[in-house]
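Read through the structures below before going on.
The following pair of complexes shares a single chain, chain A, combined with chain B in the former and chain C in the latter.
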Partner chain A sequence: MAQRSMQMGMHTEKLSGKTQQRFFSPTEEENFLYPDGYDVDFNKRAEFDAGPLSPQEINLKLRELMGQGNGTIVMHNPGAKHSVAVGLLQRLNLHIKGSLGYFGCGLIDGPNISISGRVGWSCAENMLSGRVVIEKNAGSTFGAAIRGGDLVCKGDVGARVGIDQKGGTILIGGRAGAFCGFMMQRGRMIILGDAGKNLGDSMYDGTIYVGGKIAGLGVDAVEGEMTDLEVQWLERKLKMYGLEAPNGVKNLTKIVAGKQLWNYDNLEPTEKKIVL
Partner chain B sequence: MCGIAGLIHRRKTGDVGTEMTSMLKSLKHRGPDSTGFALYGQPKGNELVLRFKVAEQDEMLKGFDIRREVKERRAEVDKRLQELGAKIVKEEEATEYAFRYRIAFDGDRRKLADYIEDVEGAEILSLGLGLELIKDLGDAERVSNQYHLSGFIGTHGIGHTRMATESDVDIRSAHPYWAYPFADVSVVHNGQLTNYWKGRRALEHRGHRFMSNCDSELIAVYLADKMQQGAKLDEAMKDSIHELDGVFTYIVATADSLGMAKDVMAAKPMVLYESDDFIALASEEVAIRSVFPHEIDTWDPYEGEVRVWKAEGRA
Partner chain C sequence: MSTKTQDVDKFIKDAAGLDTKREQEIGQHIGYRYDVNLVPDYSRITPFLEQYIEMMGWDDLNWLEDVHMGYEEGRPAIFDRNCNGWVTIPPELKLPEDQQGRDMLARELLIKFQMSKKHPLWDLKRAYKKF
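After this line comes the complex of A and B, so read on.
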């Protein structure tokens, strides 16, 4: 898997020494199981009204319904409350009818979440795996530090999308604000509309694709060449979510790390002392 | 952290007192230290509304013989108003230490403001044809009840819930700030200005006065200075994006307009709802939902963005 992702140009660094190179494998069943997980049936469905509930009560309600074996849950009237649907560490189909406030769907590992409205700042922060699809717009720091899974916003998003992204795919149907992909380390970000200034600033690795205009690249972010494998992968990924690149996938602009910053010096600090 | 909010009815008037109270109640978790409202009612001819205080809330609890002092300070304000030719049409005691006067006055407003604020403990919260600025310690519900804001009919308003980080917990450090000496201009702000002292000194040299050590006051005075030099509101706001340093999102209101500006880093939040009849904006969508519980489309303004909306139905 590592070799294949390198062939696709998704990352180029070769980790060595104490750092272990580990990749998420969706075929490994243990990736989806936590010791306190619920045994749910996806054909068993429950609905509830989140309108009168506090964020804590909403999250407890989700756990209560999962505890009853419901694998498909429909939440109505979330009312843009904060920290809703967080810490879901298993497979679950969750349909949210409405909008979420800040920190929605954070720290999740495995669920498949659809949101009919908008999300506030820091949606799906630290997501490990699963899928979150938002039909409308999203606030800033969308998908901060995600490690895996697909995070999709069909509308516009604010600034600092995928800051510190460590894996997974972030897909934006509209435009995005400034500083997207800041200190990105791995994974893919696809912005089909315009991107704000300082795109990919100080990115270590990973790939950003942009369909519209780029207001400006950040430090050490450079244009890369698209490979055939990437084109195929992008076409498949966009099709999955019913999205299209404005001028076709082949005309997306690819941004990668230039790797000219100090931290790409081959010498470790102790080695440097010896040499110097 | 602080929470800011604003709304404007573009074609009619509404109960902006109740609406702003609901929005600010929803933002209580962003700052419970103090709450402030700048509400814009319908002007009554050329009569000015003067909101002022002659003591801090804290002084009323601790100050020795403070009630006698408050009485004397208020009497001095009345005397000075009379001296400058201002006729008090109606006077109301909002609290023991804060007052609302309707005055008939067509002289120099800056001179009037300076002369009144020269009275010990006196601070003009607002002076304008439609603007009424109310701020005090406590959350939105408390301040709104204390000053009877429910049922305040107007076209627009802005508000603030404060988490004190840069200055004291008192009324003078609470938002909104009136853009002295401009009638009907007020500002609320979420963020930190890093060139506050530099900017303050420059504006003081130009004759402006600062009542607090709160960095947010700089925005109000800065905009007032720009407009004094002939800039339009949106021009002054666009300049502020480059001349104010730090992270900020602020909302400004004038007699007939509502505006917002976001710094180039977009570091402070703002959610916006815009329709033909109504604009609402706040640090968090949950505040907008308090006046629009049904599904609406909202979005975040972008870095460096400046927007201004007008109340077209204003008399």
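After this line comes the complex of A and C, so read on.
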């Protein structure tokens, strides 16, 4: 692999300077998919039994089936194995009949995944795009560092949901544990049930909507005002997943960053003085 | 950025965008140059984006809800997470009058660029992709 990158001149390239010019005309390119993705057809369907397979074998099996053009795959008996259905970087309908262990559906970019059971810690961590819908409950750090897409749990979830969230929408039909939205940077989180202590602690930006009771807000998390556009957006999003706000969308509590912690550059002038 | 920025062209007219005393003191704008919390107005969606959503099997803009038209060094630009940099908009391209229209344009352009073989990620994948 290193040899390949050497041949391409990637190790001799001068990296100074921040600007790289790439000539690209929007009218020339009309492609909806990554150039190296598998060409799959949603109408072509495959099923397999994950019971006797190891996590690595399951992930390789998914690639093999996508390589054969299957756009809809049904996985039976996942057996709560860890790190399953990870690194799927393209469009795909994946139906998982059962529960997943830790780090399921991580690092995905595009697929629609439905899980009929439960998931363990850090489901869909670092997800870039697509949809993951869990019918039952989820463990802690659900959607850790998620960048984009929709991550839905119709049941209850553990603590630190969306820790370090950098985009996307996390939707929880039930209750959520403590420290949800910790260090959230952008994106949206909707908790239709009750939220635990320290909600939105140290959040930089992003929005949290809560339908139930909030046990306590974290540092610099404050209530915000809902706009009409947000109401429309929330109604649309909840309808998509067959969910409803307990007292109506307009009565969700909106939490945003107070932005009093935006002092990460405060040291700069001091440092400059010291240098001078 | 916050509600303090009402003029959609503010960061084109004033690239530095130093408003507060604090920003002037450190010579640096604090925060984003657009409202990251702005949710999309679906009445403004373009035919290209509708086709993209259908192709992916989604019901809405999905990850593109987090894509907005930003402003970098006085030029309109889109932040592309796949190359960790700003992609500037050609000056000849006419910008819509409001931020929602600009956001839809940004989403469309970003998809076209990311899916192109001219995107830097294509070179990186060819060099380092494992399977």
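In this section, the second predicted complex is superposed on the first by the 226 of 276 C-alpha atoms of A that agree within 3 Å, B and C clash if a C-alpha of one lies under 4 Å from a C-alpha of the other, contacts with A are read in each partner's own complex, and residues count from 1 in each chain.
We take it that a residue touches a chain if its C-beta (ideal position, glycine included) is under 8 Å from a C-beta of that chain, and two chains touch if they have at least 3 such contacts.
Bear in mind the structure is a predicted one, so any value in this text is a computation, not a measurement.
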item: Partner chain in contact with A:G120 - chain B first, chain C second, else both or neither; value: first
item: Partner chain(s) touched by A:P52 [first = chain B, second = chain C, both, neither]; value: neither
item: Chain A residues touched by each partner, larger count belonging to chain B or chain C; value: C
item: Partner chain(s) touched by A:D156 [first = chain B, second = chain C, both, neither]; value: first
item: First (chain B), second (chain C), both or neither touched by A:G177; value: first
item: First, second, both or neither for A:S140, with chain B first and chain C second; value: first
item: Which superposed partner A:E230 touches (first chain B, second chain C, both, neither); value: second
item: Chain B versus chain C as contact partner of A:G130, first or second or both or neither; value: second
item: Residues of chain A at both interfaces, chain B in one complex, chain C in the other; value: none
item: Complex contact set, residues of chain A against chain C; value: 1, 4-5, 8, 10, 18, 20, 22-24, 26, 29-36, 42, 63, 91, 93, 110, 112, 128-131, 147-150, 167-169, 186-188, 205-207, 229-230, 232-233, 236-237, 240, 256, 259, 262, 265, 268-269
item: Contact footprint of chain B on chain A as seen in their complex; value: 79-82, 98-99, 101-102, 116-118, 120-121, 136-137, 139-140, 155-160, 177-179, 196-197
item: Contact set on chain C toward chain A in their complex; value: 2, 25-26, 28, 30-32, 36-42, 48, 51-52, 55-60, 62-66, 81, 85, 93, 108-109, 111-120, 122-123, 125-131
item: Of all residues in chain B, those that touch chain A in their complex; value: 264-266, 269, 271, 284-286, 288-289, 293, 295, 297-300, 302-303
